[in-house]
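Several structures are given next for inspection.
Shared between the two complexes below is chain A, which pairs with chain B and chain C, respectively.
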Partner chain A sequence: MKLSCLQENLAKGLSIVGRAVATRSTLPVLSNILLATDESRLKLSATNLEISVNCWVGANVTEEGAITVPARLLTDFVNSLPPERIDLSLIARTQTLNLRCGRYEANIKGIDAQEFPIILVPEEDKASQFATADLAKMIDRVVFAAATDESRPVLTGVHTELTPQGVTFAAADSYRLSVVSSPIPKAPAERISIIIPARALQELRRISGEAESVTMLVSSARNQVFFRMPEVELISQLVEGTFPDYRQIIPTTYNTRMVATTADLLQALRMAAIFARDAANIVRLQILPNEGGMGRLIVSATSAEHGDNVSELDVTVEGQPIEIAFNVRYLLDALEVIDTAQVALETRDPTSPGVIKPVGGQDFVHIIMPMHIAR
Partner chain B sequence: MAEPQRWIIHVDLDAFFASVEELLNPELRGKPLVVGGAPGSRGVVASASYAARAYGIRSAMPVAQALRLCPDLIVLPHHFEEYAKRSAAVMAILHEITPAVEQISIDEAFLDVTGCERLWGPPVEIGRLIQRRVRDEVSLPVSLGIASNKLVAKIACDLGKPQGLVFVPTGTEASFLAPLPIERLWGVGKVTGARLRRLGIQTIGDLAAWDVESLERMLGKAGRALHTAALGQDASPIAGHRERHSISQERTFAQDLGDPEALGRTLLGMSEDLAARLRERHMVAQEVRIKLRYPDFRTITRQVKLPQPTDQAQVIHAHAAALFQKHWRPGERLRLLGLAVGGLLEGGGYQLDLFADVDKRRIRLNRALDEIRRRFGPEAITRASLAGRRGRRGD
Partner chain C sequence: MPIRILSPEVVVRIAAGEVIERPASVVKELLENAIDAGASEIAIEIAQGGRRLVRVSDNGCGIPANEVELAFARHATSKLRSAEDLYRIQTLGFRGEALASIAAVSRVTLSTRAVGEEAGTLIRLEGGRILHREGQGRPPGTTVAVENLFFNTPARLKFLRSDTTEAGQVARLVSSYALIYAEKRLSLESNGRLVLRTLGTGSLYDVLVTLYGLDIAEQLIEIPPFTEEGITVSGQISAPSLHRANRRDILLFVNRRWIQDTSLSYAIGEAYRTLLPQGRHPLVVLSLTLPPEDVDVNIHPTKQEVRFRRQREVFTVVQRAVRTALMRQYPVPVAQIPGPSAASRLRAGQDWRALFAQAPLPVNPEEVGHRVPLEAPLRAEEPQPSGRLPMLRVVGQIAQTYIVAEGPGGMYLIDQHAAHERIRYEELRAQRAGQGVASQELLDPVAIELAPQQAVLLEANLQALLAYGFEIIPFGGNTFLVKRVPAGLAPGDVSTALGEMLEAALEGKEGFSWEDQALITLSCHTAVRAGKALSPEEMRDLVRQLERTALPHTCPHGRPTLVHFSQAQLERQFDRR
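The block that comes next holds the complex of A and B.
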């Protein structure tokens, strides 16, 4: 293998595949990045067996070949090189990769490319297509709600349903649920329902920045999903199991509905969060209707040791007065991904889920279970 | 309504052990003496009289080193019983002034005398009263610091030693602290001190003049806390005021018990009682702890942090039972079984579960049970598996 490429391009390619490198694996080759010539490009691959990323970098290839080298070592070395041409050549006998850039040179000992896992890419027929900007926004609205602990593995994934009408993503931990839907430029003819690891979608969000659109393919065995962009490919295992029937959880009625200015509510909650830090993050919302659909929202947080904070907002209220407590972090997580000027909170009673919706957007709904308070 | 002006008094007995020794043996008065380990051994100075301190002898210094500084030094063994007796007498005086006493060691305490003016006069008068009573009734020298918070009161007390009374009026905390070396601040040890000095921060005033953001960048969260402290601000309450941090229950068995079912029932019963007590106090717990004592008095405690705070017996019992399963080997007999809930949050709450509708039903059930117990007494209602438990206790 013999090729040359630009330092900037190689560094960028390495940062794209870098997060897919296994950090704690018993298989040494998984800590490596696969470098392989692919026609007139250099293909970089990394995998932790759950998520795999391929990235192509423009190169001048004079001799075909492939090698895997330790990801950290290669990335750190390339990042510290000047933005010039790098010549790479493989010393096949010792499986050593030689890199030269100006007056700098390094030899990195590798592992035979044959040992690197092969990831098969399926046919294109069931492809869906997303506009990257829309996809990024949808991912932002659901991934934070996915569970981070493994006690219920299905909840670490994002339930993804593709229909001819578009896509619906849903994620939940035991305390909150986020559901976002959107039509997409190209939808599959049949309904597909899978669970994608939240981590894979987060990674996709990070590396899809420059592509205008993303093509998604689901393997016919329904165990892998592929995201393809012009220079980058992400392949993820799917989460096995049955996602809870979340549609049943979304309340269809309410006794109180409040509409607030998103920015004002965010500000009041951020303030309350400071005081709630030492008090299990509890924030109390008192929704008080006045005449004519108007009303007040009183946001308060109390720390037994450090003091309290109260904010009052003018809001519109429909229905009964209510006092309900939430984990303020959950409220903030949800409000931070709402981009409409106004936001609605609907609920039935202090122990029923709070439903948060952007006002004027039908595509996003977020459910948060309240906190039970002792008094 | 405006908050009342807060007044905290820090009380610290001067060279406590050494002073008690002088009291026990008046001939020693005024002589360099220390209380500590025997000089041949690896003993250190526990307390040094002021006469000894004049030689540069300090607490925690090896006795051998102290003897090099002052060859005439009198080294006395501990008389802990005498110290404990005097300490209790002093604390009793403090408790007569106010119930808000936080004893931090055998010879040190904080008093919150906020609002005590009507009863005892202004804070400085209260200070003089304490000093006079400790001298007259226990015959011991004591120093006091009086300020609007614990941090400043303690530093004021240290500065006035021995037999001092230093009063820092409200609003002058920062200027009072400003000229002092940074090591006077609680939390500034050798390492942080050296680090701050490298930044050109010599005095507490230097530290207060820095901007919080830079301190936070360099020292992390501690940077912000140090800055607040350097300004003489401290909102920490007197611990004597605070709610208890755990509630516990123990059962000592009339005969050592090894029957898993009986032990399991004991745990369930205690879970019920503790949960009811939590709800009664409007508190939730974040920890569950079990205590096992074996016939040979060997005792272990094991605890687990709950994923969510709770006041529900079922949750407490589930974690207690899991801990018990993990640490009790079948066949082992127990002399005592204890259960405690800790990490208590006042008026706290816990997160309801999205997928568990049972949560709500459980809360309603427990509320009903509590109401029945409140009206008809704790024995009025119990779980079927516990029926007979309470009755048997009286057998």
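The block that comes next holds the complex of A and C.
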């Protein structure tokens, strides 16, 4: 293997595949990055057996070949090189990769490319296509709600449903649910329903930055999902199991509906969060209707040890007055991904779910279960 | 059968049976007489567990020659004059029964000389009858030798245990008196072998070193005299790192009288709650001083039990004194690094008495823990004897389980789970007492299935569980739906946590109420687990919160939350000194 490429391109490629490198693996080759020539390009691959990322870097190839080298070492070295041409060559006898850039040179000992797991690419049948900007926004609105504890593995994934009308992503842990839907440029002809690990979507969000669109394929065995962008591919295993029927959890009626300015509500909640920190993150919302659909929202948090905080906001209220408590972290998580000027909170009573919706257009619903103080 | 009045001989033997049960009872009575006589030196000898011989010699005031015979009469005593005195008893004995009872069931030789008399007296009795009496020259004091105990009551004799057991009882008794009469020099010999000897320095700590060894004495916490409601409590108690399988080492003294009292033992157990592993007991030497009229010792002939006029106050004061001492002075357990410690060196040489005669102590202050003599300059690195944690700087995490921290006295290892458990436990307890436990409604109720016995119990306690943040509704059969859980409890842990709480309630673990168990289980399940990587901020926060807890040194199950490696220990390990 003998090739040359530009430092900037190689560094960028390495940062794209870098997150897929296994950090604590018993298989040493998984903490390596595979470098292989692919026609006139250099293909970089990394996998932790759950998520795999391939990235192509423009290169001048003079001799075909492949090798895996430790990810950390290669990345740190390349990142500290000047932005110039790098010459890479493989010393086949010792499986050592020689890098040369200007007056800097390094030899990195590798592991035979044969030992690197083969990443299978599914056949292109049920393709769908997303606009990257929309996809990123949708991912932001659901992944945070996915469970981080592994007790119910399906909840660590994002339920993804593709229909001819578009896509619906849903994620939930035991206390909240996020559902977002959108039409997409190219939808599959039939309904596909899978659970994608939240981690894979987060990674996709990170590396899809420059591409205009993302093509998604699901393997016919329904065990892998494949995202393709120009120069970059991400392949992920899917989560097996049945996602809870979340549609029945979304309330259809409410007794109180409040609309607030998103930025004001965010500020009041951030303040309350400081005081709620030592009190199980509990924040109380008191919604008080006045005449003519107007009303007040009182946000308060109390720390038994340290003090309390109260903020008052002018809001529009429809329905009954109510006092309801939530985990302030969950409220903040949801409000931080809402980009409309106004946001609505709907609820039936202090033990029923709170429903958060952006006001105006977007198809996004977030549900948070309330908290109580047991007496 | 006609009713008859019993012959005096039978009456005496029945009465003797109440007071004298075994050789240890003889030792107790004679020892108390010696103490009441104001002796400063008391030597006790036993042979064959006290069955063949019990001899107690003292240098007390002695018995005047003309009262010697009277001493053996029933209800004859010099300690009490009127009935009113009975309510203000200052002496250990007062019933005037001991000598008479002993004499009734053995062969007794008494030799005595009262202070101020020129000659002493020797008198020999058998089965209560005087056999012989003569004048004798001897130093002031009294020596009583009791031989062939129970020779005339074969039934009693049959019930005695092995010589070793009986000798053990005697040793325990003498040890107890040695502790509370630290100013007297007590010695005990069994079959000619010295079992214990105290120095009579007046310091409880010295006696503890003699009885338990330096290793254990080092781990004791002193209770400085603590007075409330006219009741003064003082003594030494074990740090929670030291515990025993039974309550034998809980020694209680009321007005310098060794007593048994289950209620006070319980008060002490309460004070140690959550500090000791379950089923373990502390080592406690506690001395209570209260006005004599507030204690009734005239309940049982052996005076092992007393009655307090203000039982509840006594209970509270004891509990508070122990708890305060634990909170204020609980030292961080010091890591045990194998190697010759001062204590083991001393033990090996068996010449510690010589060492103790000198001052200051020729051992490293670190090794004696908080018992550094005041004259010895405190070193800067010496951990302060305080219940509060020192300021700790987090260095990092190892094995994703322990936080490494640096403090003024060296290195501290903190078990992240145990530490957080303690924090959560105190939080939950405060919440429970105050505004209530925070709970979180579940998006999707979790169904749990229980064993029939647990199901019945859960069903009966649904209301009680609501106060702990669980809302559970029966779902037919042994299945229940959990709708709401305490904040911070991972949904995956719900059924395990509930299972544990029910298990504990079913077993009814000793000393732990269902409510306490509920809080402990909850704090365990809502605490950060071992094996979780923590960010430096999280670690700092955890340590800061631990510093704020009232009892930062153990988790609610009684395991230690942190271990201390002193600077000196580290230096020794690296051969720097």
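The definition used in the following text is that the second predicted complex is superposed on the first by the 372 of 375 C-alpha atoms of A that agree within 3 Å, B and C clash if a C-alpha of one lies under 4 Å from a C-alpha of the other, contacts with A are read in each partner's own complex, and residues count from 1 in each chain.
Here is the rule we use: contacts are C-beta pairs under 8 Å (C-beta built on N, C-alpha and C of every residue); 3 or more make two chains touch, one makes a residue touch a chain.
Keep in mind the model is a prediction, meaning the values are calculated, not measured.
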Fit or clash - chain C, chain B, common chain A: clash
Touching partner for A:Pro353 - first (chain B), second (chain C), both, neither: both
First, second, both or neither for A:Gly307, with chain B first and chain C second: first
Which superposed partner A:Tyr175 touches (first chain B, second chain C, both, neither): both
Footprint overlap on chain A, where chain B in one structure and chain C in the other make contact: 172-177, 244, 249, 279-280, 282, 302, 304, 327, 351, 353, 367, 369-375
Chain C residues within the chain A interface of the complex: 430-431, 434-444, 446, 466-469, 484, 486-488, 490-493
Chain B-facing residues of chain A, complex: 172-177, 244, 249, 279-280, 282, 302, 304-307, 325, 327, 351, 353, 367, 369-375
Chain C-touching residues of chain A, taken from the complex the two chains share: 147, 149-152, 172-177, 244, 249, 279-282, 302, 304, 327, 351, 353, 367, 369-375
Residue ranges of chain B touching chain A (in the complex, touch as defined): 235-237, 242-243, 278-279, 282-284, 309, 311, 345-356, 359-360, 363
